[in-house]
Structures are given as C-alpha cells and as structure tokens.
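Working notes, beginning with the structure itself.
Note that the chains take the letters A, B, C and D in the order they are written out, and that residue 1 is the start of every chain.
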Amino acid sequence: MDIVLFLGTVLATLITFGLFSILTGVDNPFYAFAEHSYVGTAIGFLAVITVVYLQTKVFAPIIADPMSNILPLISVILGLMMLTRVSSKYAWIARIPITVSIAVGVGITTRTGVITNIIAQIKATILPLWGIDWFTTLTNIAVIIFVVTTLIFFQYTTRRTGPLGKVSQVGRLVLYAGFGALFAQTFMGRIGLFLGRMETMLFPDTQLQMTLIVIAVVLLGTYILRRRYPDLLNRLLPQ
Amino acid sequence: MSNVLKSKTFLLILAIVVQFLIYIPYFVDVPAPMKTAESELLRFAVNIASFAMLVGVYTATRKEIIRIGKRQKGWIYGVWVLILIWVMIIAGLVLGQTTPIFKFLQDSMLLPGDATIYSIVLFYMISAAGRAFRLRDTGSSLLLIVVVLVLLQQAPIAAIVWDGFVPIGNWLNNYLGMSISRTFAIVTALGGIILAVRFLSGKEMGMVGVKKEEGK
Amino acid sequence: MTSVFEFLATMDRRIWHAFTFIIVIVLLLFPLGLPLAISAETQVSYNIVHALKPGDIVMINYNIAAFGWDELKGQVLSVVPHVMSQPGVKVIFLTDMDQGMIYIEQTLAAYGKLMEGKTSAPWYDVFGKKYLQDYVVLGYFPGATSAWAAMAVDFRKGAGTVDWYKNDITPFYNAIGIKTGQDVDLAISFDCTGGADNFRNHFFPVFGTPIIAGEIGVNVPGAINNYNAGQYKGIIKSTRGGAEYQYISGFKGKALLSMDAYSAIHVYLILLIVLGNIGYFGWERTRVKKGGTA
Amino acid sequence: MAQFLFFLDGKAVGFTLLIVVMLLTLFYMYSKREVTVRRVAALDAIDEGIGRSAEMGRPVINSIGTCDGGMSTWTVSALSILKYVTSKCVALGIPLYVPLGGSEAVYTPMEVARDIVRTEYEMAGKLDEYRPDNMPFLSGRQFSWASGYVGMMLRLKPGVNILLGEQMGTAMYLSEIGHEVGALQISGAHYITNIACLAASADYLAIGEDMLAAGAYLSKDPNQIASIRASDLMKYLFIVVLIVGSVLASFGNKIVATLLGY
C-alpha cells in the first residue's frame, strides 16, 4: 500500500512540474506527458460524475414511479436525441433538444439579467450629490462620471465629434485606469492559486525532497535533450 | 413527420413557446400548472446538458482513435489518453468512485493538473506587466499608476510602511474598478436581451445549427 | 550605461519566472510572520455567520474545482467549521461543479469524526451536528443556472428528495420545514467560476436571501460590484480573505503563513514594473525616437 | 405618490424594459432606416497586422474563441471578423490558420467557421489554395486547446495573432506566447477582468462591445446593426435615468430608486 501512496505522490509532483516546465519556453516530453494525463483523467472523471447524476437524480425517480414522472421522462428522451449528434445522417434530430436548451438558457439569462445586471446596477448608481459630507459627495460624483463616460465610450452609431467626443475620450481613460484596478485584483487571485499549489508541494519534508528532485530532473532532462539529442526530443513531442 | 420536425419553423415555434414559459412565470403571477411547466423546463436543460457531455466523451475517444489509426506523430500519447479515459470510466462506474484505482488517478493526475494549469497564468501576468506597463501616454500611465496603488493595498506588508495605501487602494477598487464593471454588466446584459430578440425573431437559427439556405 | 538600460528593457522572461519560484519557495519554508490587517468585508461576513440563530437554514455551495481549491481552501476551512459550530443551525451542502463533491467530503472529514457504527462519508459528526439530522449533502447539480432556478421555485422538486448517497431526505426537509427558496436564511458560495450568481439571480431577487460570496481573485471585481449594489451581504476575497477569516474565527491554517510570500510577490511585480520603466526611458524610448522599432 | 405606484416594483419595470428593448430592436431590424456604425480602431490594426504579415512573408493566425456560450453574440461577431480576415488573406495570398476548439459548445461554431473560410476562397476563385488542415480541431478542453494553439504559434511564427470571440483565462497565455514569437497581438475578450489583463499584453485591444461593433461594421448584417443601434439608444436612456434619479435623490426625492425595486 505504501508503494501506491509513494507512486501517487511522485506522479502528482511530476504532473505539477511537468506542466510548469512550459515556462522554460521549450516544448518538452514532460509537459506533453503531464498534459495528456490531465486531459484523459479529466474527461473520464466528468463522464463518471455525469452518469452518477443521471442515475441518482433522473433515472432512479422515474424507475421508482414512472406515472408521476412523465415530464422527466420526456427530458430523458430529449437527452437521448442529443446523442444523434454523432451521426451525420441523423444529426438534425439533435437540433430539437439543442433548441430547447438554448431557449431555456437564453430565457434565463435574459430574465435575470434585466433585473440583476441592469435595474439593480442602475439603481445602485443613483446617488445623492449634495447634502452629505464632502468626501461622499466627491465619491458619488466620481462614480456617476465614471459610469456615464464609459457608457458614452461604448456608443457606436452616433458621431463622436464635439463635446461627445471629448466625453468619450474621458471614458477611454477611465476604462484604462479601471483596468489597472482589475488587473491587480486578478493578479492577487493568481498568486493565491500559485501559493496554494506550492504549499502542497513543499510540506511535509518528504514531499519537499521529492519536489526538489523532480524539479532537477525536469530542468536537466529538458536541457540535455535540447542540447545533445534534438532529434530524440522532436520524436518525443506530440503533433 | 420528419420533414415537420426538421423544418426551421418548427424549431422556431418551439423556441418561442419555451421562452414564453420561462419569462411569464418570472414576471407575473400565474396558475400552478404553468409554474410546474417552468420548473420542469429548467430541469430539462440540465438533463440535456448531461447527455451532451456524454457526446463529448465519444468525440474525444474518436479523435484519439483516428490519431492512433493514422499513426500521426505522438500517437502514443493518444493511447495513453484513451487508457486513462476508459479506465476511469470503468472503474468509477463499475466499482464506484471510492475504488482505489479511481481515487489514485484522481488524486495523482486530475487534481494536481487542474490546480497547476491555472496558476501558470500568474507567470504570464508577471511577464506581461513587466514588459508592457510603461509610462508611454496618458492611458497607459493611468493604468500603471492604478496597478501599483492597488498592488500596494493588497500586499499586507505595504500597510506596515504607510497605512494610507489601504484606503487609497480600497477606493480605487470599490469605486473605480466597480464603476467600469458596472458599465460592463449593463452593456453585457443589454447584449443578452438583444440576442434573445434576434433568436425569437428567427434571425439566429444558426445558433442551433440550422444553416442559412436550409429549410423554411 | 546604455547596456544596463537595454538589459532592463529586454531581460529574459525566464529569469523572472525563476525568481518567482525562488521567492515563493523560500518564504513559504521560512515565513517572517508579519502582521495582518482585517478588511471590512471579511469582518462583515464573519458577523453574519456569527449572528445565525438556532433553526436557521444555511445553504453552502461548493463552486469549487481543483484549479480554485488551493486558493479557496483557506476560507472554506475556516468558514465551514464556523457555520457548523453555530448551535441549532441546519446546513445544506451542494455543488455545481463536477469536482465539488471531493472537497465537500474533504472538509467534513477534516473537522468531523465518523458517527457511531459508520465507516465512510457522509456519516460525520461535525461539532455535534449529525448527518441527516442537522445537515445533508445534496450532491452535484450540472447546469447550475437551471437547477438553482428550479430550487428557488420548489425546493424539493428542484433538489430532489434523495441525497448524493441515495438516502431519503424527505424527513429532513419536513423537520426543517423547507418548501421554497424563501425558507433559506443564508446562502454561502465558494466560487471558482460564479456559483454565487446562482443565488443572486434566482434567490435574491425573489426572496432577498442574504448571500456571502467567497471568491477567487479573478471574480473579486464583479463580486465587489454586487456587494456595493447590496446583492451580496458579505464577500471574502481570495487567499487573503481566507487568511483574515482564519485569523478572526480562530480556525487557523496555512493561509495565514503564506501571507509573507504573498506580500513579496506583490512587491516583486512592482519592482519589475519600475525596472522596466527605467529601461524604457533609458533605452527603448530613445531607440523609438531615432526611428528604430522597439 | 409612491403609494399609488405600489404595483410597479422592480420586476414590473424589468418586464417593461424587456419589452421596450425587444420592440426597439425589432423596429430597427425591420425598418429601412440607415444606421452607420463607427469603424473601431482594432479593425485598422487587423489591416496593419495582415499587411505586416505579407511584408514579412509570415502566416496569419485568427481564433474565434472558445465558444463557451455556443453561438453567442461574441462568437457571431468573431465569425464576421474571420470572414473579413479571410478575404484579406485570400487577396494577398497569405496562409491563414484558425485553431478551433476550447469548449464542448464549439462544434456548431466550428462548422460555421470552416464554411465561411471555404466560401471566401471559393468566391475568389482560389479554392485550390484552401487547406482544411489549417483549421484543425485541437481539443474540446480549454487548456489542451491552448497548448495546441501555442504549438502552432511556435512552429508557424505568425506575423499577427488575432484573438477574438469568447476568450477565457488562456487568452493571457496565448497572447504572451504570440508576443514571444514576434507576432502583432490583437486581442478582445468578453469579460472584464480578462480584458484588463489583455490590456497589458496586447498591442491592440478590442474592448468588450468594440468586437460586436466591428462585426456589425464588417458584415453590414442588418440584424447586427439593429442590435448595436438599439443598445446605443438604451444606453442614452440609462444615462438620463441615472442623472435625473441622482438629482431628484439629492433633493430627497427617492421616486426613481423606489420604482426600480430592490
């Protein structure tokens, strides 16, 4: 059993640093191996989870009591029609379930988008401009200017000359400044991911040793293949 | 029968009926059967999506088989992918998700892969920022200054040097960043409604795979 | 002199990548333990959880896959035990991601002990909360948008009356008296892609359900927007929010320790930007002016 | 006043808004009204990029995105732009590569894209130059698609790399590698944090709706143009509501906010 655990850790470390090896700028077999292992397991996993969902939440109630589950039964039929996509002759059958699911999808995004993304956002931008402390006044005015100028920036069917053009220019600057804030926030998130990953790779000590060995193997291996055996390297790459 | 089901008109009517059943109960109080129809339709979409995923497994398998069959360069990786996909499916479905082999593949390949591949983007963000953030013109200078200020707010260490970084960065996040996200939310939602109109009017049947010259 | 500027402006990216690795590895292994300030949003979220009353129903959604787990685990492993240790609160776990179940089980196993006579998930006793009496795990729902909309309209129909492990949960529903989304008193979502949106779009507009969104960094801007618009009652931002929550809730973990490396990478990026601009003004710009291409 | 309007809660206003937008779009779709859409800067950049590739004798790479939302507005406009890029490439005789894939919803857009490119070659009478292999399906998963894409860039060394449509987290990766192989980088994305990152990496940026406007401008498709027009008018309406509401709120009158509900 210990050997299995050990093998699992070696593989996990190899996959991690195999994927990181793309940062060397050299396409290498470690990366190819890691990537294909990841893709294969991801597809298999998703398939299993989906089938389990269908079994427990859809098929089980229908089999238990078919009469009161007519509508779910129809959904299963529609789902099965989806499978005709793999044939070129009967692919048109799949258009029916596709139509249903796109219509439901478009319907849901539209009906909620209008409330949560338009009305609620506009309501939140309606702010009192005076009669409050100076700081809030300035902030409120700034927010309204930011929103209005950027909305004007996204005008495509009116000519952007005169004052409107100026406003739209301001809108562009606001957008760029805003991108700065969003870039920094996204950066923060990516650091979180990376730190979490490295933390897993550095603790406990046995893992740390393994990590250092794997890093050395991947870097040296890529270097030697690249310098000494370019033909072999080329043969080991996909595509 | 198959001609009716194949026609664009049938699909269009289907799309219109479904969309109405989605909109009306949300905005207006309706009798119970219509509510039921709504909630069932919502589940339809979920179940259809599950079957679509199975089609994805088929396509992936077929792609690898073709690659192996033609002995394309790197076909050996195709064999490896196929083994992983089907060992996982068979182990997971026949023996269950708690089987050691399933757990082994999941913990040693899938989870580390998923966790790593997204964190690689960090490095490209660093290289892009180091390369492109220059005090070149008004726009890029503003971008650079805001980036630095917000970075200083996020780093716990900066607050020790000067506690003014936190309120400045917070203001930029909560009002500047928020304002442009807000504009985007509004504009995107508008785009969504308009797409719904185009779909309802039968102008976007390409969405469901109907080509322009086909059907009436 | 020119060569220094040229070097700064055209440095090989791989040197940057290598330094990133070195900084992180060194500071994770040997943290300095610098102090940490708590942001208002995290404090608000903590207060909401702390004010839960006996009988309140909390839904916890794991919008988590492995690619976000490393970032979110700091908050998950402090918020969930905090909720579970509130007396009398009933908890419903569910996920809209295929890998979500892995992490729900991990969390429960981390803080719970197996109930008497049971050998596997989900039969844990977590801070006195027993499975099927005080909490349930509904499992994975693909096609999140539609599933959540269905749950808001009719919870039992939308969520089904069996849990992920095929146990009948109708008695649980009856005991806590849940019928529609109206009966949910707090919704928490840990998000890799946008799980809190499910609550925001389908629960909030109809019932005004309070929502706490624990977000990965990429989603933070959008979440702040919804927070300011009043649609989220609380947000927890990325690893740093997790570290803060660990600090105030007392459920301490690794996220707190990683804060030094976290600071250092921020400073490192600022340094690179500054160096790049020195190179730009010293070399690149003069070259462009002379008619070359940069 | 507010008591008499009790029935007008947020949902009622939302419903009305939905109807208004729908009618407005239909009006512009079916009326013969002339609407001109402004040419956005990213299009000039596309011209520049293709010209540059021709000079340097390098190919062009154009992605229509990962198509996560199937044939969404973003994908439709990316396809319109692809049509334009193809026509330019055909005229100048430059090879065009389109790496397809990125999500499970890509199959329909993929077929449409192949159709579009083939038709352009056919119309120019150069069908013999059309290479289906230049439009490979790389993978249904985002990151494997991206690494295949990167492989193509490393081998082909394109003169311009055009990333449009629905671009997800991998866009940053593609954009940086594009820069490393010396391609002019033109990027657009459909969600804002991604655009913010691309702002750092790209030489030219199509910000959000820019992409839709470019698609409408190029295709001259009355439906796309009507959409842009309707959306523009709604934005003016929102600005007016915002300003009037804020001024009223400053006088202590909360009527506008009340009408908007929650």
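We take it that contacts are C-beta pairs under 8 Å (C-beta built on N, C-alpha and C of every residue); 3 or more make two chains touch, one makes a residue touch a chain.
A quick note: this is a predicted structure, and the numbers were derived from the prediction, not measured.
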item	value
Farthest chain relative to chain A (centres taken as mean CA coordinates)	D
Centroid spacing, where centroids are CA-atom means, of chain A and chain D in whole angstrom	18
Whole-Å separation of chain centres (CA-atom averages), chain B against chain D	16
Where chain A and chain B are represented by their mean Cα positions, the distance between them in whole Å	6
Residue list for chain D, restricted to those that touch at least two other chains	10-11, 14-15, 18, 70, 107, 143, 169, 180, 192-193, 197, 199-200, 208-209, 235, 238, 262
Multi-chain contact sites of chain C, meaning residues that touch two or more partners	13, 17, 67-70, 99, 141-142, 145-146, 149, 204-205, 218-219, 221-222, 225, 228-230, 240, 262, 266, 269
For chain A, residues that touch 2 or more chains besides their own	22-23, 25, 35, 38-39, 42-43, 45-46, 50, 52-53, 85, 102, 104-105, 108-111, 114-115, 118, 120-125, 147, 151, 154, 175-176, 178-183, 185-188, 190-191, 193-194, 196-197, 200, 239
Overall pattern in which the protein chains touch one another (line/ring/star/complete/other)	complete
Contacting residues of chain A [partner chain D, same complex]	22, 25, 27, 31, 35, 38-39, 42-43, 85, 102, 110-111, 114-115, 118-120, 122-123, 125-131, 140, 144, 147-148, 151-152, 154-160, 175-176, 178-180, 182-183, 185-186, 239
Contact set on chain B toward chain A in their complex	5-6, 11, 14-15, 18-19, 22-23, 26-27, 40-45, 47-60, 72-74, 77, 80-89, 92-93, 97, 100, 102, 104-123, 125, 129, 138-140, 142-147, 149-151, 154, 171-173, 175-183, 185-190, 192-193, 195-196, 199, 207-210
Residue numbers on chain C that touch chain A, as the complex places them	13-14, 17, 24-25, 28-29, 67-71, 73-74, 98-99, 101, 139-142, 145-146, 149, 160, 162, 164, 166, 200-202, 204-205, 216-221, 225, 228-231, 237-240, 254, 258, 261-262, 265-266, 269
List of chain D residues in touch with chain A within their complex	10-11, 13-15, 17-18, 35-38, 40, 70, 107, 139, 141, 143-144, 147-148, 150-151, 154, 180, 192-193, 195-197, 199-200, 207-209, 213, 216, 228-229, 232, 235, 238-239, 241-243, 245-247, 249-250, 252, 256-257, 260-262
Footprint of chain B on chain C - complex, ascending	11, 13, 16-17, 20, 34-37, 39, 65-70, 99, 102, 120, 141-143, 145-147, 149-150, 153-154, 157-158, 221-222, 224-225, 228-229, 240, 259-260, 262-264, 266-270, 272-273, 275-277, 280-281, 284
